[in-house]
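Look at the two complexes coming up: chain A is in both, with chain B in one and chain C in the other.
Moving on to the complex of A and B:
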């Protein structure tokens, strides 16, 4: 029988130090609380129905990238964490919690691809999120991820961005755009605008030009839009992934409160998948809303509407061979695969699709909070997605479009590690090169 | 009463009753508990639930079934034979007729004979798969072997009894007993996937289709 290497030790004080404070009583109480009080029929039925057939294994990029290493099969990850907690009725030790936390946070992107491979449609990602919930309640969460959650708790954004920094960034981007397009203002807090635009915390911190691009797109398309100057501008939500559902709910509530306060008709959000998931599904679910109180539209859908309706005219096509990533949370999570291909074909002359694609595309291996676990876990993440590198290499494209921040950063790491000689771009970077700027708006 | 009469009489009743009541209990308690899961009922959709079930009940209707053709063929042959054989077996129908005066259409005995062999063969395949495929071995417990035995025994003993291989009467008693054990095991073990399948699949189909606008096969 095949043997597989053990996991290499990885240091992370979020796991190594926190388990020292655990007592057997606290572990048992916490596990039983989550199993018996916080979860109900789904958890029970999923655990009782799984026939241990292993048919979900080939769904997972971790498993496929490690040449069928069984410990990365979706069901194995549930076996090594949740099943064991159930079997021992919560009587597990700190060392076990450390390992469970490692598996749940760094070896599963909760991407839900495996739900499409299990014949019973068992939601393995939900089971892994239940493990994360337990780890969170025990305080055993990778340090970097916990830090982003602390930032959400203290500042309501993910990156400790201070209010003046946020406004400064917006004004800086507005100035840049005013050099390109007449009237490219970024309207702050304009009550009654049609659209509230929200972004994720890392945009003002690391990628402010993306806000500038959206400013240009909104201005050229002539949209009525606004951006909140205070809390509620950040739509990202790492608490959703750390298992801190209370903070998750606070963040989502603030985001929607802001939209209601500004009396907008809809929220358009930047190119991010996890933020879409949090705002569209996981947040509302926890808050007991069937759907968000204000309609929420992901950037891909927004671009599609603008191009399809002719509000944006494409006058030039991007010529380099180009391919794309289907972000799980908007393709498996919202079925935007066709719209994504529509906008790609509308703006690119040499679009090369990937295989597998749409719902069956592989996760980037950065999502689900895995990239937020930080540098200690980068190797896990990059080694866990060799199949992604092979998939891109086969397209022979030069550019990869990733309409999601997690995908973007994760795939950049994959490109450099597997020496792919490709560039990773957001779709808006392509779009601003291709649209017509009407004479009246030319500077 | 001798042993034969016990297994045919009171034990058969007990097994049938446990199967029906156990199944009802498992389903009803699931439906009640599902109310505590905030999302289950609001997300359910008849259309998308059925769409998903269709894809997963038709051979090769899902991507993963196409990726694993051998498993798909064996699994469908196994389940169809498993469900059809006991119901349409001539000898069983004669029993129903003797006890209750109930009759229905039966399959030729040569056919049911082959179908029993297929069930036994498929179980052998599952067993080998459990031992040699690392991803299955890794999630295999003693209970998985026990369940396979519980499923294969009624068919194996039925086949042997029909062909009068080995001592007939003890074999027959063993066969009836094995069938009763399997019946009782269905609601109280992972064999409950027989009815939970329809619920888990329909829920996932609904969540993917109605809420997320995506396919789940």
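Moving on to the complex of A and C:
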């Protein structure tokens, strides 16, 4: 296995084996097609505008966690990949594509923090996604990420969940909740409900209790809601991050088709950041929607509405020292930072905010498809976010709330690697401990 | 299919059932449904013995641990999926199918004969059970399925080859196909989606993925010669059996017919092609410019466009007119022949034409209440619940199935009186 000098070799058949099938002609043709036919005019503007000042460097957790190693500076990651492809007019070799793929998929979370630090607002994440698009078209994508995308394609969910497994999980969670709360049914395919609730594939696979928590929250708040029993229930989208925009679009279209078919007024989605980005922005845009055809509400916003309006009454506060992660896609991307802090303060008596915070917070280093690149790249990911561990340590909290699945899993790894002695929770886990269950709903 | 001419079309109102009575008899009543002819209301009910279904106040004899997917068939039979002693089956008007399974889901109906089908998981794998008759061989996994218009055949996307976790190269060899009546096509694809039967039920078309970035349409397992960057669900021309599908080419999305550009123009997006009943005209939902949606008929887009969505296109019986649900600025209404109704609603349902194509009727929702709108004007009272309105075979009457104060009424009104 050939390596490139400045990085430790990592084996991944998605990169190592796939480059063997590439020809110079195919590489050149693919790069030129993406640059000339698929890319928006902004690509040229970005490339021509960048003055190589390096001001974006300090924005990146990879750069900061590697003590200012210049190869992790955002601009370096673009320079070493896309600029080189442009400079050589697509005449790069398979080994170069492997290197570009490694950088684009495993060393950038497309979190967009760096854009805020660039004096010109250059969207470096967009440039990295363009590299990923080229790598996808050439078939050079990390194995685990590609397998996830294959699952999206075959099953329209992220985790190869079979149709019967999905419904069975819902019925099981409903049964559990019916032991706790009167009438805690999970209404399947109820046409005309106010809300369609959608989740990401890992919930039925690994964290079914989260669906149970939402069942309890919906029931106590007295919401009119439904969950689709058939495909369209999964709102996640790793194809958006692998550069397979056709599969990305197919997944998002199914999600919205389901909502339109069920005639709901809005979609409420579980605690996931990348899924929000795919469903709110990237998916609709590819399909031709300026905005989602059915309004999409992230769980944080939904909890905020329920608590703020008094539909859920907080009768007890969570007491352990607690902090949070601002998921990039809902805080930097959608500005939900204030609502997130509102719900934290409403339910927790010892909330300790992080520094930096809101849109300036660091990415978890798991998002952008990086955690989905799987075990081979775990070290890259964890080493790339020492600053996150330091940030949490400084709060002296015992619990970290992460209203996003990628943040949750990535931060669990950081907690264990940097021995933080903290626990990671979704917000709904806190919420169900704090809400009042009215007498009439007590079993 | 329910023969509508045999339904009661006498003008007048009848109280069919009072849910308050049900609630006295059962500790829980939920998932209410109404028969197409409006003669029956069904629901899941919980009694001392367990769960079952109830029709107009009388419960089925047998009770179950689980009941879901309660629906009336087009010929007015109440159907549900049930589980007792860990065995799942389909129950029709209280009579369970003989065969039981590890799991049953996705209940569907088709055809004049009132065919009923479900997807099943059994000892030998996954399959389909149509009118109680199961497919012979089980598959590793099945996804979506369709029934032929006459309800006699079923086609399903099936996994034909085992794929180990993380086997990204095996995936590229193709492990999915279409099984028709249990028999898979003799060719595999990376993926298959969007199945459709021809009008006579003889052929099946589907979206297929030939390579990671190459898509096409296959008919009975044979892909078109042309391939594309992306495709959406195909459909059959009812008059000649040709296959139409939206496909993506460099300039945008076009409507392709057996691989050729049918309309000679492209759109930013194009999906859901539909045919007029006689097959002489085609229409599709299109996006003529980014963020705007409308209908195109024979390639000609309506002038009016909508910002949020267009869904459910419906041709009039004579094929001359076209209506669809349209949504702009988060308000819903109906678009007919290029113009939207003046009034907007919180939600609207699929429009229906009168048999003479002159008038368009739709169920609408405002402030949590439901009503009927005719040619853009609310013409009925407001109800707590309203089920799909049906225009009588003579075209002069409408069947209104309404829930009001917990009571379910069947009303037949004269259209002319509205």
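Simple rule for what comes next: the second predicted complex is superposed on the first by the 438 of 443 C-alpha atoms of A that agree within 3 Å, B and C clash if a C-alpha of one lies under 4 Å from a C-alpha of the other, contacts with A are read in each partner's own complex, and residues count from 1 in each chain.
Quick note on the criterion: a residue touches a chain if its C-beta (ideal position, glycine included) is under 8 Å from a C-beta of that chain, and two chains touch if they have at least 3 such contacts.
Quick caveat, the model's predicted, so the values are computed rather than measured.
Once the two complexes are laid over each other on the shared chain, residue contacts for A:187 go to chain C alone; chain B is not touched. When both complexes are overlaid on chain A, the residue A:123 reaches chain B alone and has no touch with chain C. Of the two partner chains placed around the shared chain by superposition, neither chain B nor chain C is touched by A:442. Of the two partner chains, neither chain B nor chain C is touched by A:419.
When the two complexes are overlaid on their common chain A, residue A:52 makes contact with chain B while staying clear of chain C.
Legend: residue contacts after superposition of the two complexes on their common chain; A:290 is shown touching both chain B and chain C. Residue contacts after overlaying the shared chain place A:75 against chain B, while chain C stays out of touching range.
288, 290 are the residues of chain A that lie in the contact sets of both chain B and chain C, per the superposition on chain A. Within the complex formed with chain C, the chain A residues making contact are 13-14, 17, 37, 136-137, 139, 143-144, 146-147, 150, 153-156, 162-164, 167-168, 171, 183, 185, 187-190, 192, 229-231, 244, 246, 249-250, 260, 263, 265, 287-291, 293-295. Those residues of chain A that touch chain B in the complex are listed here as 1-2, 39-42, 44-46, 48-55, 57-59, 63, 68, 70-71, 73, 75-76, 79, 115-117, 119-123, 281, 285-286, 288, 290, 331-335, 358-360. Considering their complex, residues 28, 30-31, 66, 68-69, 102-103, 105-106, 119, 121, 126, 141-144, 159, 165-169, 171, 176, 190-191, 193, 209, 212-213, 215, 229-230, 250, 268-269, 287, 290-291, 293, 307-309, 311, 327, 330, 346-347, 349, 365 of chain C touch chain A. Chain B makes touch with chain A in their complex at residues 30-31, 33-40, 42, 52, 56, 62-64, 67-68, 71, 132-141, 144, 190, 192-193, 196-197, 199-201, 203-205, 207-208, 211-217.
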